[in-house]
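Order of writing sets the chain letters: A, B, C, D, E and F. Residues in each chain are counted from 1.
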């Protein structure tokens, strides 16, 4: 299922007109005192692989481990693309997958920053305007937020209870013992030079009660939701 | 050592003025009937990690799994960036690493295509022209070719004896039992619309005698060479 | 207060270091059977002028009457810029206002489409990264949504009850007698080739009870909110 | 006739294959001690509306109030786009009007700076090369200069007798009582860093005898000329 | 004096702070039945060399033999750059000359098309905005037109009496015996898809009385004018 | 045969579907103490003309006298384009030649720098991907290196024995009496800020035994090779 593990011939045979290709988009970004910089890479890659295991005819493209960052850009360890590079990357990969025969593509982004999402969306839009392809794009974080237990979380956000729990399920070895509490600081509609002023604690939420069990529940919910969407939303 | 496994604070402490950051550049590219599409990803990532294990003060950035391809572009499974996207990617990542304090950066590209190498080189040049940073850039394939046993290989090239053996050492589970023989077909100085005409067999070389032992010897040679270069060539 | 009505000398004297310049961003976009294509132009221009009348030291720049549109792009009368042109426009105007001495700039966009907002935001970010200026950017629609009566509106959106009422207050001569009811149609996370599939009725909401009184209340709320923000959020 | 005052349905019905769409291009530019910064906006907008009133089947698109400026760029109140942004703007708007069914488009620019005119021309050329559309582009100033009384004006130019009189006809409330005299200062073929060295007096010409009557005569001449051109030059 | 004939050391010694570097811009463009495609290359190169011979401290850079063409683009033998390539070319060459120490640069363009001139001008402007350099830019054709005998020529233009005579002086071997008569055909303000409709005869003017004597008089006038401008207009 | 010496009508008749157009690419680059800055211009132009004289149906386009330079960029007299300008130049010229009917194009570059070659190659590739044209691209230096006497030269390179001898054959008047000896200094895989560190002597090789005879032999070899390639490699 992993494209990078297939030979050219295996890939050629596997890629049929109703194959779904999942492209996981990761990031290298500061995620509080307790989570690794690759948090947004591990999550969508894990989700993509779990979806592929449970469905027929799903291929997983190599995970892109860099994204675009605004508010965490100045924090140690954040490595950011520009908006335009990310948009170009998306267009190139989509065109190349389409040239390989892909008709159904799902892009799952671990990072959910507004500009990052917009850059990917713009790239997708330019492609669907011209090509005979169906593209589904979302952050797994968006789906997690739909879970009823997540809706009731107050002020949980970047590197918060939700992400901590999910990582405790996916890569517990990379989550250390600290359980920070932090607040997102609003700045009205000011366009900030240093977006990190929004994260005085480097994260947002109360991670005290994070647990692998909760993370597992959320991860299952995301996986099930995506399986359902792939089954129903493509035409 | 893996940046994606570190927290922001661990990264901040680890990144000192004499830290070397290695950025592995992979690719998703047809590699004959026997090697996986991620061959050019597995090789530099492995080399980078081995170098980091043997040296103090080396960090490994997440591996970029896509590159630029010309001659294999039309083969099943090749997923290619454009020249400009790759160049922009390199500039963005370098600027972001430099903003994080990096002064010594080593870029190791698994793929050694001429345009791919040129795109990365051009990106590096634009950065060194402006920034206080030292950058070393090469393909591990270039170093392998310097090994005396490789110099004597005739017409070995893409997905040939050298790459097959190295992969048998690194990821034997991903090398199947076929051992193809192929020839690079010259086209003089014609600029080809379909570069795959150069690889009528999809690869170049005679892989019959490929072995993990030979691959291991070459991989050790590459690792040792890079350790020596990092120790001696940075000022 | 209107920059276009001032002479160069009047402008030079009026522009001091604590002057606030408001740049209204309009649009030319299909707005249902009942509202004019310039709806998103009239609203922010009106708001900007009312704010300027009530405050000292506020200048209003000429209103840009074109924006970027995705979901209504294929509807008759929508005239759309591309993302990149809008972003460049914002950067150019900001740089020119800054060269004229502006230190505080408020951008009010009538149109609130995601990509449009992102393009303007990206333009602003590139400028604040480099220049000694404070920029506030929002859609007046965002502020209207904060009004308690708007929060309780169900499924009101593009050309809905809120916009209809505001236009009945601002330009009643341009609102005809039709009062459409429409629904925003979700498409999950599919990237649509034709975004107008989201607006089968060309608008979203129930405009039956729209009134100039309600519109006036919302417009006053927006104006007061902006006056308060200008007074408190700039440093 | 004003597109921004029409509903989507009114626009759809009004736009037929022989409809002429006029796009007025304004500017925000220093215009001497006596004329408003929006002088180049008021003129083409007025002309466009008068032409539309006198002809059948003419629509007027919203006026773009910003242009590209070189020689007045450093004067207080000039707000300038770059060449490339203006060219992109023109291409975007033309493509969008064409997608809306426009086959005949007239662009009238109030500002007549060489680079500004070139940017618009280049944008138009790229579109006519590809699209089935007829485009007419000029500055109303170019037509005014053809009037016999204008030909005999000596050294009248930016914010001079001609523009002052036209503004006294169009917006007398915005023309103050000063009547400056100024000279355009030649600099041979030097490419100036500060183009305002060409306008030591901020304008060129002798405005002493400016009058609304003369302005009205010129404005009528321009309007009549455009009506004639629309009637005869489109195929 | 020709930079391409100097060694690096000769160039280094010759380039002092008051050296004038002349950059001739040529073109490859249809020039009627009688003149060679390189007409606009031969003229400025000849002029540049003659100026350099008559002055101290003037260097002549290699002549660029391609320009931007609109109205003759579709005629056989016209080889055209795009606007943006020409502008980039100018910026690159200026930056490189400035890096070599040039403080005074004269650009002489044989081709005088509006867009071509604008592209070069825009390139120059971007450079003078940032760099400590003086740039003079013109077409030798502009200077020729100032000669009293040329002012009295009626409707002489592209490949007309003026250019024919100048070429008879400079490269008589490349002027054949035909002496065409042609008319520039106006198209009002229509933006033409095929600009060659302006030149139904492929040229404009009456070449019957062309002569090397007249050409020589014009060429002397141009050379003398440029020598005077270099002596007086640089600061 | 020289396109710049032909009239539009002569060009039109000469350009048939099996015509070969040669585009020589020169450079303005420091070439040691003994060779002129235009060395890389004189060589391919000479070769192109000699090929054209010996073959039927070959046209020679005007020589572009500027290229892209990295390692010699900081040496006096090097005038360099950027990578992107050179690539755009190539695309523009190719598109224009193709629009003129060219089906077979040979690009000969005097300069053989890696980035320069890559820029031209990338430009060519973009064109052959879309257009019905055959393009051959090489540096005459590449062919010279194939000559058996050149293969045996040790460490001969930029401005070395080979180039000196060729220039003594082509333009002996521009080769002075110095015969330098120089060494290319390796810097491993470091990306150098100042590439001239590779040429501490400004050139590479031992020019002591350079001779017009040897240069002539090499030039004949290059000419014969190109004639053979044009005859055999185009389809």
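Just so we're on the same page, a contact is a pair of C-beta atoms (placed from the backbone, for glycine too) under 8 Å apart; a residue touches a chain by one contact, two chains touch by 3 or more.
As the structure is a computational prediction, the values presented were derived from the model and not from experiment.
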Out of curiosity, which chains are bumping into both chain B and chain F? none
Chain whose average C-alpha position is farthest from chain A's own: E
Please state the rotation angle, between 0 and 180 degrees and to the nearest 5, that superposes the Cα atoms of chain A on chain E. 180
Could you check which of A-B, C-D or A-C has the same interface as B-F, with more than half of the contact pairs identical by residue number? A-C
Specify the chain most distant from chain C by Cα centroid. F
Across the interfaces D-E and E-F, which one involves more C-beta pairs in contact? E-F
Whole-Å distance, chain B centre to chain E centre, using C-alpha means? 49
Any idea how many Å lie between the Cα centroids of chain E and chain F? 26
Chain E: positions in contact with at least two other chains: none
Graph class of chain-chain contacts, one of line, ring, star, complete, other: ring
Please trace the ring of touching chains beginning with chain C, moving first to chain D, and write out the chain order. C, D, E, F, B, A
Of all residues in chain D, those that touch chain C in their complex: 2-9, 11-12, 15, 26, 28, 30-38, 41-42, 61-66, 74-82, 84-85, 88-89, 92-93, 96-97, 99-100, 174, 176, 202
For the complex, which residues does chain F have touching chain B? 70, 83, 114-115, 118, 121-122, 124-125, 128-129, 134-138, 142, 187-193, 229, 233-234
